[in-house]
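Across the two complexes that follow, chain A remains constant while its partner is chain B and subsequently chain C.
Take a look at the complex of A and B:
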């Protein structure tokens, strides 16, 4: 073989610095993983449609549960679901389509705000709780007491004491539940905080708050999403139940629970059972779809599931 | 270990008291006190048109419930004045105003004004009745209410408890006697209760009256008996049975003679003389149906057994077939059960049950018919299966990779043997932790299921009391539920150490 068949290659210093690993982007992987299941996409569409209707429709319908404008018009009462009234009307001639979406919007916003408060407070307190041994001594005692009291009891007594109303209900729901989120986070923080890279960070003089936000929080994303996925359906369930037994929201505020309790009398009536089943089924659809989407998101945000 | 348990018990007691105190302060200070009369329309309607009687009735009730101290003119004059008769004088004047309408005005004697001044000094608020006379009230602060509540909470029965001026020769002693059935019992003369310790055929078979808890009266629903009696005494109609009375005669009566308490001589009548030869004639009655606590217990225990009977095999099957279709079906079931609002689930089940002929409300067929129990029990059981199943699966899957399982496999044990004899035993330990609380908390009933089915149990009691503003009942239930939950967690931890001696609660390991 003659030398002229060879070519000189210029030596590149930088080539040795490149690693031949596949490109990895955290959020791209999260999205790929999340959208890989057809069930999840269906559920996402369902929950998105329900949410859009619940939050936008009441803006136009201005539904007021106390007004009974059509009560004397017999032709308006008990219209079965049709094109003009997709969910029919009730005895007093109220358009159920307006009522249902206003109620959904209210129930959803209560659950979402309560989850927001619970998660924010829980994550912040939990992160510092996991780090500080002094705080741990006090908080663990508080947690032991609060966690042992039945949640139903706490919520009911708080709602009772503060009176019916949306913000009172949100307060009652999030008043003690943030503690269990905080405890959940605390345990995870404790597991992660003494890993070598955190010790190194500490040795280099990084502030505790920076270690928490930069080094630990990214690890907690999937845990936080899991807790959110659990809280939202749970809070919807509680709101529905409390309004159902008549101690949640007052009469002036539309709510799925109140609808269920108002129309439960028609459950067995073949001509009007839609009044009862529409809110019940919708309430089931909201929490099941949100729960499944949340679970899928929690799985997708866990970096360990991104390995191919 | 003893030290640890003692520490836990002390902390638990403190926790129960703190929680109850917070509940009391919130309920007594934050809820408008007028609300308690909302469900007492019958009594207030009777007093309609008599504003003074309404004032007296309301203030008396508030005093009974511990809101305030209420004193009327007579009492005020007795304590503060030297001249009672002068103090009680109410002068009536008729005043005619510009429009010619007559109104009455009242003035009080110098002595009366002095008493009013004295009570104002003591922090009381003195007010005047519409038709003459005055009264004073003093609101208790939150801390005073809590103090009074705990002061009256524990009552110890002693032979000097009864104070009856008509019966000065009452013997005062505790003795071992036999009850009207001839069974030995610790009895007392002079105590509030006739029997301090006795045996009978009802759960828990040994009953004591030495120490009783007093949570105050139930009002405005279930008026007047103490709150504990409301949830503890049986329901339904009187259950008359052939009995031997304490004085030896026999007859048909619904009285439960073990529960008799002292009745003042002045109020004894010939009916009592027929049955009793002493003053212990105030007896509770037997009723045909179980109490609220028993009701919740019956439902709770059956549902619990059913739930474990379903969940353990299902969880084991899921773990054994991890990733295959039994596991997948199980996971779908668990997810739906967790996500579905309990109310929706209960109604779905209710309609299914109704289709096959089960009643949709408990009172329709009542206590005697077994059909009334089937649907609520199944619903209660299914609602607790989801979390049990997922935990059993979790624990078992975790155990499958343990070294002892690999060793067992290499010894040549079959998969079935490994799961049954090795893994299940270890996986069940964390489940054991939850068993005591499940059993004990059956008492508290299931709030949702009992409300939907109108079952007269403890769970329905809480929302019912809240809706009726029955403050004492809410406080009683808060105390009971909190105490039961906190102590059942402790018992669960202790049971875990019994089942698995490797677990040490007070070990200095873990996170230092």
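Take a look at the complex of A and C:
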């Protein structure tokens, strides 16, 4: 064979450095991962529909739980769910469709506001708590005392002392619960704080505040979302529980818990059991759908799930 | 000014003590360490896991608190309390390459940010273009491509990540680099690549290295002088050839035994020495680090010094009779 049939191929050193993986973008991956499951999309649609109805329907229905306009009209009471009254009516002839959405909206807003306060306060305090040894000494004592008092007891005592009402209930729910979020964040910050890449940043002269925002907080996105996903359904069940045992909200304020407690007497009555089951099922649907959506979002914001 | 035999001291560690407290329990991680590092050399610090190598390295760049002693950089004290400006000076001049490439990069930041972080902190660029050029240049120097800038650390292999770590230190244009076992977490096949890269930078930029390693085989062809550390105590310091030819301290001997020999005959005949401090004759006065030959220090008391001198004489005589090529 003659040499001219061969040709020199230059060796290209940088070829081996080429990354064949497609370009990575954090938020695009979060988006893709989040929408990759049919169950999650279904749950997202369910919770979106429930929220839309809960917050928009009451604006038109102006539902007032104290008005009993139809109490003397026997034809209006105990109408089973039909086209005109999708959720039926109760003994006093109240339109359950209006009542359910007004209650749902109120319960949801209580849970969402309480979660907002808890998370904001918890994350800010937790970040500094994890970084400062001095603050840790004080906070850990406070936490140990508060964490050992049952949460239900704290809420019940506060509600009794301050009286019933939406804002009092929100205060009672968030009063101590931000501490456990802060503690949760503190532990995570402490784990991440001494990791080598933060030491490396320190060696490059990066300020502590920049280390918190650029090195620590991005790692906590999924942890914060997890905590939110856990708090919202939790606060909803607390509201339901408190209203069920008759404390927390004023009689003028509709809520899922109040509905459940009002209609629990019909649970066994075959002709009117819908009065009890509709709010119960709705309550379960809110909790489950929000929880699953939250968990899926928490998973999706964790970049370890982005590979494959 | 440096002449041939009067080398310029860049970093000087004097009576360094580092103590950790665990619930009131004291633990001396570094005990009375003394050594000098000359400008332009590679100084290796070798010892087993947990001997305090990283602790010494981290004390120099102020990540660890020192409980006693002094660290002098170009004659200026850099441990203990310093002003903001002095702290920034230390960071500008001394950089570190970390032990674990998997843990030392921020996973939520792009390579562009990882490499530029120091540039941003010290505003070491004239404008955005200048910064990009600097990042491109340093990535190119470590064999990575400019297109990698928008990628995230988890997309890279261990060797590539370690080179990103090197790029991030190099872009600061430091004079002195502490390399904490930069290759021990890497696959054997890419170790040489990273070592060659570090050597290239040393030649091009006249850098000084403190190279931390846990066995002697790695540092043999890479370093000018070696310090052997055992349980926080430096037991022997010598130029590389001297240490390999005339090892004196029993711990150094046991480390040398761990270096594999290319000759199977020698490898088979090798008898394993395991260093056990409790079995040694520790009678006599307290040992200190003493100079036995020019540039060769060993941790010993007067009785041991006499033994070592005897041994050294024998070894030198033996070498004369049996000259080897190495």
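Please note the rule applied: the second predicted complex is superposed on the first by the 281 of 308 C-alpha atoms of A that agree within 3 Å, B and C clash if a C-alpha of one lies under 4 Å from a C-alpha of the other, contacts with A are read in each partner's own complex, and residues count from 1 in each chain.
In the analysis below, a contact is a pair of C-beta atoms (placed from the backbone, for glycine too) under 8 Å apart; a residue touches a chain by one contact, two chains touch by 3 or more.
Source: prediction; values computed, not measured.
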| item | value |
| --- | --- |
| Partner chain in contact with A:303 - chain B first, chain C second, else both or neither | second |
| First (chain B), second (chain C), both or neither touched by A:270 | neither |
| Chain A residues touched by each partner, larger count belonging to chain B or chain C | B |
| Which of chain B and chain C A:26 touches, first, second, both or neither | second |
| Contacts of A:149 with chain B and chain C, given as first, second, both or neither | first |
| Touched partner set for A:160, first chain B, second chain C, both or neither | first |
| First (chain B), second (chain C), both or neither touched by A:200 | second |
| Chain A residues contacted in one complex by chain B, in the other by chain C | none |
| Residue numbers on chain A that touch chain B, as the complex places them | 136, 141, 144-145, 148-150, 152-153, 156-162, 190, 230, 233, 236-237, 240-241, 244-247, 257, 260, 264, 267-268, 276, 280-281, 283-284, 287-288, 290-292, 295 |
| Complex interface listing, chain A residues touching chain C | 13-14, 17-19, 21, 23-24, 26, 195-197, 199-207, 214-215, 218-219, 303, 307 |
| Residues of chain C defined as touching chain A within the complex | 58, 61, 63, 88, 91-92, 95-96, 98-100, 103-109, 113, 117-118, 121-122, 143-145, 147-148, 150-152, 154-156, 160, 165, 168, 172 |
| Sites on chain B touched by chain A in the complex | 11, 15, 18-19, 23, 26-27, 30-31, 335-336, 338-344, 347-348, 350-351, 354, 360, 441, 444, 447-448, 451, 462-463, 466-467, 474, 477-478, 481-482, 485-486, 489, 511 |
